Amino acid sequence: MANTTETMNTVAPKVEPEVLSSPTPRQILLTKILGHKGLMFGAIVLLTIFLMALFAPLLAPYDPYHQDLMHRMIPPVWDAKGSWENILGTDHLGRDYLSRLLYGARISLAIGAIAALISGIIGTSMGVAAGYFGGRVDACVTFLINVRLAMPVVLVALAVVALFGGSLQVVITVLGLLLWDRFAVVMRSATLQLRSMEYVTAAKAIGCSTKRILFSEIMPNIANSLIVIVTLEMAHAILLEAALSFLGLGVQPPTPSWGLMVSEGKQMLLFQPWMIAIPGVALFILVLAINLLGDGLRDVSAPENRN
Amino acid sequence: MLVYTLKRLGLALLVTFAVSVLSFALLYLSGDPAAAIAGETANADDIEAVRLHYGLDRPLVVQYGEWMFNAVRGDFGESYYFKLPVSQLVAERLSVTMLLGICGISFALLTAVPLGVAAAVRPNSLVDRIALFLSVMGQAMPSFWFGLVLIVLFSIKLRVLPPSGSDSWQNFVMPTIVLGYYAMPAIMRLTRAGMLDVLGADYVRTARAKGAGEFRVMFKHALRNAIIPVVSLAAVQMGFMLGGSIVVESIFALHGAGYLAWESIGRNDLPTVQALILVFSMFYIVFTFLSDLLNAWLDPRMRVG
Amino acid sequence: MKQILKGAGIFALAMAAAGTAAANKADDTLNVAFSKELENVDSYYNSAREGVILQRSIWDGLVYRDPYTGEYQGNLATDWQWVDDKTLEFNLRQGVTFHNGEPFDADDVVATVNWVADEKNGVKTQRNVNWMESAEKIDQFKVRIHLKAPFPAAIEYLAGPVSIYPNEYYAEAGPTGMGLNPVGTGPYKVVSVEPGKHFVLEKYENYHKDSPKGQANIGRLDIRTIPDFNTQAAELFSGGLDWIWQVPPDQAESLTAMGGFTVANESTMRIGYLQFDAAGRSGEDNPFTKKLVRQAISHAIDREAIVQSMLQGKSRVVNSACFPSQFGCEQDVKTYDYDPEKAKQLLAEAGYPNGLEIDFYAYRDRSYAEAMLGFLEAVGIKSNFKLLQYSALRELNMKGEVPMSFQTWGSYSINDVSAIVSQYFKLGSLDSAQDKQVKEWLDVADSSVDSEERKEYYSKALKKIAEEAYWLPLFSYNSNYVFSQDLEYAPTTDAIPRFFQMSWK
């Protein structure tokens, strides 16, 4: 508990002293967050991966692009033929696997974050507009959501990437433009609920502008569910990028994407299974951490937990 | 009910229309179809001849109209690659995908529903934890990787299942697990949540109070009510799964529609890709339409919305 | 719930009924995997290696070239002669019947040749047939083939891609029907075709006795498309397959170490090369218009290392734009050894002291291309890598939008340099050099009937191509064949597996 208050003070220095005796909602929330194992686990793992990606140039033992054809497919250190020189071994061009893995984290995280940002902006504006204005706008947005849901994501993404050529920018844009549906659905219903709330009707009555109502009344109140969806869609985008790269129509070599690494390792599935195991496990842990974080955030921010 | 059905039908048709326009437009951008048909050895004159012959010089709207008019009658044109009618190709491959989809969704339901019920009956118990663990794993595991791991395990190490092909039932075991596991977490969570809700509801308490056996309460009263949203989710998931089978089919070399789609994209086989996008979309549209109707029929309150 | 269970039960039963077909030496069935979906079995309407393999088993040509000795022998023709340098006359073999019972005679040859030679019928690889003008029936077993121009490699082509179809059946079935129900005179007849997916062939019992191909030994061939090597190998382990090929080198090495199978390596006529946009079709100012840049790249790539550590087997570095065994493949050309310092120096001379950024296209062997990317990076050339499907890259190439690409060409296993150099350096839409002089030399060489003159002019062309570095020839390919130890088979350098020459031990 002492720990909690300390953190509290740094996070929210404005809090008055008497708050300590009767906890504020914010304090309760923080206690819940720290007490939620899944959430904490997810957050710590995600933070670790983030830091590893950020400091990849310092942590990576070698240049991830440096090839050495005479030292190809050296197994990782735990294998009988492995050595400490390349802890996770080398790939089919003799590039250090650990270094590629570290730099690959950057790609996955960037794709997850930017794609979620793009789709979040599209989906949230559509959902909020639909929920707030209702009527034709709502009908129109609902229709767009239906159209979007009806399109097979993987197939459309593959077709578009094939069309424009695989590159990081194209993949991120395609995913961003395809994954906004959940944002729109959830934001629409959340806004719909809020619209009839007293404080919103009150704000309308006193003549607040639509812009003001949207940004100062609606947005703060849907922020919680927004964060949950952001995490879900981040995970979704990361998995989709990996799948696209695996199918050969995603990020192009020599970029060290984890999906691409699995795809390159797939060739040697039979004799060097570690080549797919390592990037696969990395991908799994990253997505798991993001999902646990998202699930945890949903748990702690759920209304019945809020009091 | 009739009004609601008609309204939903109208929406479904409108969505179909929009998807068809999008898929037509999207793939029209993918290079010159005349050059693709003319093939690898064609020169500029050949390409021009093909353009005239196939009517690719006409306005896009006219071409779309013709394509759609034929598509409605089940004619999607000729595959650039196989030089066979696309509808024939797609129909051949679709049976594999449908079978896979049905197996997958059955697998998902057969594992998710019992687990969800068990988890709801004893929240926070070991069963609940296991169920949660499985669903969290399922959401985080990249399906292409899971498929490869299964191949290493069952085909290479244990040698009990064939790694690829679509000739026998054994070929479907691993793809079913991979595809089913993809849909499982959502169904499991929904079953669990639904059961928890229902178990706390008045009528269940009343049934218990009246001395109904636990088994009877569970199945006659609780599950029956909790399963409604699960069925509609399953229908939606089924639509998603057929679209998602592209990854699974390519790993296990199942010659289904998803695999055909992937190959056709690589081969620039425009008519096949267009037809497949439309067909997969139609599955989703039909399944959601049916599940909406089912819901409305089971729960009259829904019909108003 | 009950319904669902019942449904699942029915499916389980239905699938169990399908059963598995395992077979091998015991039931005289060879199980084979192809890794590519074949679009059409009709050999004139596909351009895939798988198509060539089926073609050699299902159909016969007028002539046959023994793959081990290189000697031409009569097959559907018993003998032939040049009437003049544009006319070939053939005496046909009597008593040959097609798989459907149709007897073979001059009408079949005339109909086939006239059909394929007509450009309107759209035979996929025009070069295989477009040297023929028409065929003429002299009597029931004598025909003449008229050439458009003198074409010394005619017999080589007639022994290769030109196979004879039954005229009555083909008139009715056309390429699509032929693709679904192929009918030929070859040692194997087709039992069933599932397009792109599954082909079953059976020994043709009435195969003509005097064929130089010899009679087939194995009773039944079951060919499935399995794109992924790992699944092929797993099937091989479980006995579901008896013969696979094009096994990647690393895997072949591991399989050799593992034992239990015969692993054979043979070189192929396919060579890999980098093609540069020397003509500047992708942009006037593009760096590849500068000879120094092309030469710099040629010095930057360690081809020997790629061959030794990646392609392995019987692959070799090639320096001339052809496969060494091909007629006219001049070896005495300018070579570019691996010298990154020189590469940097040449780049600086060309006006790129700080390196440059390029678009690098490829369609296969991503790992070889990636290795080249690495070597280029090391001398300061940054590449945007674009992996496309073959047809898509070819289309871009024809439009002249590809600055640099990694290409390969197998010459259709034709042992004559015209099958590669004349294909790419005669100012066609696929000619990235657009060198008029090279074209003129090739014209002379292609149409001359004097082999010394041909050699001389091909040599001139190849020397200029190397000097100008229009292409950087990289290496020759090899193929690894892995098969059951029960099987007797010796691979050939033309990389055309002939099923009729395989037998059980």
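Each chain carries a letter (A, B and C) given by its place in the written order, and its residues are counted from 1.
Following the convention adopted for this analysis, contacts are C-beta pairs under 8 Å (C-beta built on N, C-alpha and C of every residue); 3 or more make two chains touch, one makes a residue touch a chain.
Note that the coordinates shown come from a computational prediction; the quantities given were computed from them, not determined experimentally.
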Farthest chain (mean CA position) relative to subunit B: C
Identity of the most central chain, Cα criterion: B
Contact-richer chain pair (by C-beta pairs counted) among B-C and A-C: B-C
Distance between the centres, which are taken as Cα means, of subunit B and subunit A, whole angstrom: 24
Inter-centroid spacing, subunit C versus subunit B (mean Cα positions, whole Å): 39
Length of the line joining the C-alpha centres of subunit A and subunit C, rounded to whole Å: 46
Subunit B, residues touching no fewer than two other chains: 151, 156, 266
Subunit A residues counted as touching two or more neighbouring chains: 248, 266, 269-270
Multi-chain contact sites of subunit C, meaning residues that touch two or more partners: 228, 230, 234
Residue numbers on subunit B that touch subunit C, as the complex places them: 31-32, 35-36, 39-41, 43-44, 81-84, 89, 99, 102-103, 106, 109-110, 113, 151, 155-156, 159, 162-165, 167-170, 172, 227, 251-253, 255, 263, 266-268
For the subunit C and subunit B complex, residues of the former touching the latter: 1, 4-5, 7-8, 11-12, 14-16, 18-21, 37, 39-40, 45, 47, 122, 124-127, 175-176, 179, 195-197, 224-228, 230-231, 234-235, 237-238, 240, 389, 391-392, 394-395, 398, 428-429
Residues of subunit B touching subunit A in the complex: 11, 14-16, 18-19, 22-23, 26-27, 29-30, 136-137, 139-145, 148-149, 151-152, 156, 242-244, 246-247, 250, 258, 261-262, 265-266, 273, 276-277, 280-281, 284-285, 288
Subunit B contact footprint on subunit A (complex, rising order): 143, 146-147, 149-156, 158-160, 162-163, 235, 239, 242-243, 246-249, 259, 262, 266, 269-270, 273, 276-277, 280, 283-285, 287-288, 291-292, 295
Complex contacts: residues of subunit A adjacent to subunit C: 65-67, 69-70, 72-73, 92-93, 165-167, 248, 252-254, 264, 266-271
